[in-house]
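Got a structure for you, questions after.
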Amino acid sequence: MEAVTPTPARTSKVTSVEEAVARLVPDTSESLWVGGMHMHNVPMSLVRECIRQGKRFETLYAGPSSSMAADLLIGAGLVERVVCGYIGYEHMGLAPVFRRAVEERIDGVESVGLREVVEADSGSMVLALQAGASGQPFAALPPGLGNTSLPAASPSFYRVVRNPFAGTEALAVEAIRPSVALIHCQQADEFGNGIFKGSPFTDRLLALAGRTVIMQVEQLVDNDQALRYPAQTGVPGFLVAAVVPVTFGCHPTSSHRYYNYDDVHLRLYMQAAETREGFEQYLAEYVLQPEDQEEYMRRVQNQDWGAMRESDT
Amino acid sequence: MEAVTPTPARTSKVTSVEEAVARLVPDTSESLWVGGMHMHNVPMSLVRECIRQGKRFETLYAGPSSSMAADLLIGAGLVERVVCGYIGYEHMGLAPVFRRAVEERIDGVESVGLREVVEADSGSMVLALQAGASGQPFAALPPGLGNTSLPAASPSFYRVVRNPFAGTEALAVEAIRPSVALIHCQQADEFGNGIFKGSPFTDRLLALAGRTVIMQVEQLVDNDQALRYPAQTGVPGFLVAAVVPVTFGCHPTSSHRYYNYDDVHLRLYMQAAETREGFEQYLAEYVLQPEDQEEYMRRVQNQDWGAMRESDT
Amino acid sequence: MSDDYKPVLRPGSDPLVFFPLPGADQQAEIAKGHIMACAIAHALEDGELVVMGANSLLPMAAARLAQQTHAPNLTIIAGASGGVNTLVEPLVPSSGDYANLVAEAVLQFPEVLMLQMSGHADAFFAGGLQVDRHGNCNLAYVGEAAHPTLRGPGSAGVPWAQQSARTILYTTSHTRRVFVPKVDFVSYPGWNAPTHSAQRGGPHLVVTPLAVMDFSDSGEMRLASLHTGVSLEQVRENTGFDLVLPEGDVPTTPEPSTLELRLLRQMDPDALLTVVV
Amino acid sequence: MSDDYKPVLRPGSDPLVFFPLPGADQQAEIAKGHIMACAIAHALEDGELVVMGANSLLPMAAARLAQQTHAPNLTIIAGASGGVNTLVEPLVPSSGDYANLVAEAVLQFPEVLMLQMSGHADAFFAGGLQVDRHGNCNLAYVGEAAHPTLRGPGSAGVPWAQQSARTILYTTSHTRRVFVPKVDFVSYPGWNAPTHSAQRGGPHLVVTPLAVMDFSDSGEMRLASLHTGVSLEQVRENTGFDLVLPEGDVPTTPEPSTLELRLLRQMDPDALLTVVV
């Protein structure tokens, strides 16, 4: 009759921003996909940390609808190729750095080292991600894209496939499994069970398709939260390599139910970024110099951080 | 300055079982897919009503994991062709009618008029459904199925496609958009915003892919429920043609959080169905003769219907 | 954007709201935004499913208005947020705003795209850097691919608008820079698209701060009505190609009714519709 | 199944439970089910992701046992229900049971299949009507396609088990009817499958009421251990092909430890493990 041995403890995935990026993001990655959409739920602290640590990405998947994350990464010269579904600021305007990078080409190469812009669309990118998450080699596309300039503009991204059932032809995109996926959940337990307090956007699918998934959260909650409301878990923990708690970490984008996007700061950035010098100055002041989120928050103007409150469940 | 005209009222989708099936299910449909899984969340009242009204289905998609719905429809002689992912009763045993239909072929035609059994698998069926819901013509399959007997057994279901990116070959299945999709939600408002109180199984995707979707519900809730907890809505109302409230409507399968499956009645059925005569008798007593759910419930033995209680939100 | 910013609380939205309330003092006037929203609302029918794209302030107001007037069974999908039948309390400029989740259901964004691509939607709303006489829209770039003079955001979900029964185009700037004879890049195909089984319904209506346009049987943009106080000359000067003219006099775009104005102002406490144009 | 049925309430499950509690009086003995569950549990490693198929009473008990002993970071996906890391309170026979949703997350079933097909899973559990010497499994039919003598349920998700790092086969009936020289239909491919990039990991272990088997380097089923009280002869008589024998004596399958038994009985108030075989 042997003694009862205690169960070894389950390992927490809680990690600091610095450590998560240093340990899980290679110096050069094949591809990056940043979650959230437009000016919402974008894990900006992780993005800023990637820039601080000079992580390079051969391909950035910018869609559905990316904004400042893409703009900053491109401006910092860390992106070689962007698959562009949408990069902009919705009603606030176009992406100043992305614009300049493309409009001021020198010998076909964008001034900041962005070598290629692949014209794409959100639907095809999401179907490619769905295929990646399902282990499918490629995704055949619904009919109609042949009516646009896209297939001709991006012959490497869109290819013709023969439909073995109808005998007709269709366009297809190759499956996408981003090497690095950065996502944001408002809440998560220490094991990575993430809860979306607002829109999930594309992030559950992104977590299923990503090879290395880092989750930035506003607030840690007890594992009991997940056990009491399992249907509320938007991202199951086993998909997540690290849980990174950062207060106001999505700023200047929103974190649904926690805070709205800061359009004062976004405009401050967009105005600064109108010129190369202005962008470099912004990058230094708000991304490279602040050693942590506290310092970043201190430098941000026009803020009533105190007004942020925990979301009620 | 004109008078203020009142807004016309929004139309309720609440319908009786009889009317929903009579109005929305053609006498002969191209295809049928019944929601739920194994002995859980299967809209049996809708299935029984389809049999009562003698609705025929050229193809029945039996998967992922169907049980009594497929068995009854096949036994009633209403199914010409079944795409078989799984038909059985999990730990309780094999499907007696499906077994006999296949094992007692007469001149290659199953005794009950089931002309074709397409050997398939759950993964491919779900990817085909996903393709249907996305407007894609077909779904390329992950590698590996060539290692099984499936492609050779079902050359019309699985076909070879050329991967235009890798230049290799892959298997593919054609997109599926069932003509009729029958699903169950524990709760829904009158506009068809359905809530899964337990597992969603495959039913949200099924609702997205189905051409005509009929939703059987255990309990009607106020539209305010959906407005207060929108993230809880498993099936948005616009996908649903009719909302059919039936108490204990999934019996003898379960309705998560409302009641478990009735394995006493299921065994009663499985024993009866061991013989053709026994099946006919069961069909008459529990499907054809009862004019409504009340009468069906009256005929079911060993039940403590009263013990059913509303689920707490 | 003024610097004397003050955070403002609003119902159904977030504790912090960073944009001020422009035009809150202009409640009195009927703004172009009101006229445009009504023109779009009138083009939506009861029982339809409409899907919003990005920057959908106007179509969102229009769809909610239609729902509150003649189309109670209209289903609204609030673009990026995934909100289904949002109450639009209040109207917000970003399609991904949490305020849009005061709704009946929340879709994952891939599901929103699936609905578009599979042809579930009856109407989708599009615009772009350029719109041409056939209704082609361009969101990619102006000029040549190698040396664009203007880099746009990209085509986003707009290519799939063609799977909708019809598409309603709208823009807040009616100029020759936007209305060009031929777009430099086709993000959304107009009526001159190569015949294609996929072309379910082409561009249906074009709503601008100056006028409303539809398309002739030959698929050319046609002037349908001029907004109050706008002259035909004004429209001609700001359109880079010859619009087909209607038979007889050009009608005036109907002004919003009392009810319509009340509803639009109710859903728009920040009076964004008065400053959107 | 007895007719004197009484509904029973159980924690974490539904108000009505229709199956009686067989073997509740057999708590004392160590059942085959306990031995099999332990054998499977020992084959699971910490940090792995395991996915259950249908009728997964044994692997479910095994995975939960592993989680509660040597593998706290094991992730369990409870098959049909979509439950992730269910607490297995209590152990239930149906993979789709609501009881499996006392868990950390709920996946839609398509997502469960996606995880299998994309190779996320480290271990999947399979069985079938027939299992052959190379570990091929058949869930479709016995006999010829045109005139099967036994129609099975169909291949379900089992073909995709090959995308898992490894597959653990189990069956509650070790007979010549199940263990055949060659399956009539390949639902799950064994080691003799045509070499294929997709074959990530083949059958790894076979657990039956009589013994535990693994596979030789040449991919032939090999006897690994005999359960207490089972003779080699008994296994030979009930296996339709010659099993590879291990070097030297055949070891005995380890009996469950005190802790293991306690944990198995804790999660199994209905003592289903004592009647499953």
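Note that the chains take the letters A, B, C and D in the order they are written out, and that residue 1 is the start of every chain.
By definition in this document, a contact is a pair of C-beta atoms (placed from the backbone, for glycine too) under 8 Å apart; a residue touches a chain by one contact, two chains touch by 3 or more.
Nothing here was measured: the structure is a model prediction, and the numbers come from that model.
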* To do: Sort out for me whether B-D or A-D is joined by the greater number of C-beta contact pairs.
  => B-D
* Structure fact -> Distance between the CA centroids of subunit A and subunit B (whole Å) is 38
* **Centroid spacing, where centroids are CA-atom means, of subunit B and subunit C in whole angstrom** => 39
* **Euclidean distance of C-alpha centroids - subunit B vs subunit D, Å** => 27
* At least two other chains touched by the same residue of subunit A: list those residues. => 127, 130, 134-136, 142-143, 231
* Asked: Which parts of subunit D, given as residue numbers and ranges, touch two or more other chains?
  -> 83, 101, 106, 113, 117-118, 163
* Asked: Pairwise, which chains touch?
  -> A-B, A-C, A-D, B-C, B-D
* In the complex with subunit D, residue positions of subunit A that touch it -> 1-2, 4-5, 7-11, 132-136, 189, 191, 193, 208, 223, 226-227, 230-231, 233, 236-238
* **subunit B to subunit D touching residues, read off their complex** => 37-41, 62-65, 84-88, 90-91, 94-95, 98-99, 102-103, 105, 108, 119-123, 126-127, 129-130, 142-150, 153, 198-202, 204-205, 254, 256-265, 267, 302, 304, 307-309
* **subunit B - residues contacting subunit A, complex** => 127, 130-131, 134-143, 159-166, 168, 170, 172, 174, 196, 231-232
* To do: Quick one: which bits of subunit C touch subunit A in the complex? Just the residue numbers, please.
  => 1, 3, 5, 7, 13-19, 54-55, 57, 80-83, 93-98, 101, 106, 108-110, 113, 116-118, 139-141, 145-160, 162-163, 185-189, 193-194, 196-199
* Structure fact -> Within their complex, subunit C touches subunit B through residues 46, 49, 68-70, 72-73, 75, 83-84, 87, 101-107, 111, 113-115, 117-119, 163, 257-259, 262
